[in-house]
Amino acid sequence: MPIAHAHAQADVEDARSAITIAGLPGSIRPGGSTHLVVRTALEGAAESGVRTIMLDLGSYDVPLCDGVHPDVDAPTGVLRLRHDLRAVQGIILGTPEYHGSYSGALKTALDWLGFEEFAGKMVGVSGGQMGALHAIDALRTVGRALHAWVVPEQAAVAEIRRYVDAEGRLTDERLRQRLMAVGRQVAQFASLHNSAGAREFLDLWEAAPDNPGARGT
Amino acid sequence: MPIAHAHAQADVEDARSAITIAGLPGSIRPGGSTHLVVRTALEGAAESGVRTIMLDLGSYDVPLCDGVHPDVDAPTGVLRLRHDLRAVQGIILGTPEYHGSYSGALKTALDWLGFEEFAGKMVGVSGGQMGALHAIDALRTVGRALHAWVVPEQAAVAEIRRYVDAEGRLTDERLRQRLMAVGRQVAQFASLHNSAGAREFLDLWEAAPDNPGARGT
Amino acid sequence: MPIAHAHAQADVEDARSAITIAGLPGSIRPGGSTHLVVRTALEGAAESGVRTIMLDLGSYDVPLCDGVHPDVDAPTGVLRLRHDLRAVQGIILGTPEYHGSYSGALKTALDWLGFEEFAGKMVGVSGGQMGALHAIDALRTVGRALHAWVVPEQAAVAEIRRYVDAEGRLTDERLRQRLMAVGRQVAQFASLHNSAGAREFLDLWEAAPDNPGARGT
Amino acid sequence: MPIAHAHAQADVEDARSAITIAGLPGSIRPGGSTHLVVRTALEGAAESGVRTIMLDLGSYDVPLCDGVHPDVDAPTGVLRLRHDLRAVQGIILGTPEYHGSYSGALKTALDWLGFEEFAGKMVGVSGGQMGALHAIDALRTVGRALHAWVVPEQAAVAEIRRYVDAEGRLTDERLRQRLMAVGRQVAQFASLHNSAGAREFLDLWEAAPDNPGARGT
């Protein structure tokens, strides 16, 4: 194996092991289909070799948000949620679709969060239960406002209940693959953007002098 | 005055006096600019002669919503909010813009509501504090999903704080007029759609036999 | 029959006969599914007794639009399209979904149009061929910008080809009913808003003095 | 300079010189503000040392699009546009806002294009003349549908004419910087994703065996 290649291989392995992807379902019902959707997307990330962590929105006991609050002034549950999300490099958001958009529960959580939890990170969006295409679109706008990279892959699941069996497992393999593809893309590009090689590349990029000779037409 | 005209005049007056427009600011901070925005839109409605009522989201103590709950199974605050909104013919929604969309607090309230509170009613959308154009758009989608008539007038206020004085009053007359126009349009068409004449018109419309001869090209 | 009722009945019939609803499919392929979708919605309008007219976008030979052009400065095909739409009280827009939104052909036509063709009119949106939910949402935003009343009913048809037989007829009755409901709602409220009673109501409304005693809380 | 660092530096320089970013203003009026907006964003890319190329939509003579057409069946102008875009690694789309969305001219061009021109590439969106926030949002949805990476930076310019002097130059330095930041981000991440290091990283990633030990909670 050539040295450069070995170097790259090590870089991939380092990157994988340094990456954690969090799943945040926008539902406070742990057994619901939104949790299933996010858990499935996380499996796609986990298969790539990164660490994954499933967050349970209900357990943070987040109150309604009335504006910007720095850490010193935020409720305990919010502080814990911020802490957990600051530690990860990618986030899978999932949401049911209520009244043509994402859940108020998820948006309430997001209202308490900000650039520190999202900016520059990879974010994947997915949704279950009754459509969710509108909800996912609206989440993309929110992700953008948070300066995250919302990855191109997404999975909007119309009528997810048709694809879940009595034990709460997905019965549709194509749907499972689509959800896992979201997790995989988040994991892959979170790893790439956080790899030693990419970090050096981006630093050198910023530092390099202009190259006016290369300017175009 | 001809009889028919007097009849119509009475219809307008009856309609006005039978109509209540509620304002629901999507903020739990009563003194904030979202309340100011909604209150101003309500003034436009009130000037038309209809009744108006300002709801204070914070006072309903609405918890995060985890799905559809019929009245028998809903928290007390939610029941009160449903009761108050079922009694009105038009609703002015206002929202701050957090992360490129409406507040989680407002969406949480809307998640607890449904067709019974919104279907067929006139809804006006407006927003204050930091842009709100995205937020208003997203609210339109939600209003549509609730089968409401979201009126064409709207007011998205960029950087509303520049237009509020120390006493919390709007200092910009053009902005005030735009907000009042939202309330006026909601009041006017809520009154029209609920007038005796319109109700009879719509009933006769449904009842009338088809007129196949009028079918077009 | 009481006199007022007879009056109202006559008003309904006058309204119907004075109303024309145009269908404008956002596709220049006359035999395509978008035409089928719009034609079906128009049938719903026609069954209500109003006149309907099907416009064929391709036949207007509309060029790409580079900004606002008054009539004196507009291409012949655009003038004809403006003329045809100014004569109607409601419009059914249909669109395929290309790349997650409505067709460039439809938007090009709309770019040449404005308030004179749309403001205050009832507009129904519907779409065929590959989803169209995004496309329909985007059309709602455009309709709002044109100051039209975009009616709450809509029909987004995922994979319409599955529901069309070899002769180009809809084979799904539920879908047919949903499309016709869009046309019916446009026809009904175009008729109501343009009825003699409603016009008088709205005029009196504007003219009436304020009723400060009715102002709310 | 350590060897690895020199290697990385060479990688940055190779990446820069291999990258071309195209600007595609969604207006067929070459002297208009949309061209100015896109040209300014391209300057941000060019300052990074990549090649840039400004495409003039009007010069391709693109007709209205009626569906999917493979190369063998596409008009000459469309073939030229596809050819030009296939050769680049990033694209800056600009659009005026007509009726609350992007121009029909731009969408018509995009309707003729597809994954071959967009998938996996970096895309930046910006808009001039009368708002454009809606237009830019709608463009994001289209970019996503084309499987492009729409970068987080964007620039929506309200009332751009206030910031352009008689010679058609931007007079507002803050606006100029925001537009250039869009171009810079497209250039930077197009270079990163196309760099030899990243390509090797992504290949190794796909090839690497799963690492089940790293799976999360």
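Chains: A, B, C and D, in written order; residue numbering restarts at 1 for each.
The criterion applied here is as follows: a contact is a pair of C-beta atoms (placed from the backbone, for glycine too) under 8 Å apart; a residue touches a chain by one contact, two chains touch by 3 or more.
Just so it is clear, the structure is predicted and the values come from calculations on it, not from any experiment.
Same or different, please, for the chain B to chain C contact, judged on whether over half of the interface numbers appear on both copies.
same
So which one's got more C-beta contacts, B-D or A-D?
Taking the two pairs in turn, the one with more contacts turns out to be A-D.
What's the farthest chain from chain D if centres are computed as the mean of the Cα atoms?
That would be chain B.
Quick one: report the Å distance separating chain B from chain D, using the average Cα coordinate of each chain.
Chain B and chain D have C-alpha centres separated by 40 Å.
Which whole number of Å gives the spacing of the CA centres of chain A and chain D?
Centre separation, chain A to chain D: 24 Å.
Would you please write down the residue numbers of chain D that are in contact with two or more other chains?
As it turns out, chain D has residues touching two or more other chains at 134, 137, 141, 144.
How about chain D: which of its residues touch chain B in the complex?
It is residues 133-134, 137, 158 of chain D that touch chain B.
For chain B, which residues count as touching chain A in their complex?
Chain B residues touching chain A: 27-29, 32, 58, 62, 64-67, 96, 98-111, 114, 134, 138, 141-142, 144-146.
For the complex, which residues does chain D have touching chain A?
Checking each residue of chain D against chain A gives 4-5, 7-9, 11-13, 15-17, 20-21, 42, 46-54, 120, 137, 140-141, 144, 147-152, 154, 188, 191-193, 195, 197-198, 200-202, 204-205, 208, 210-212, 214-217.
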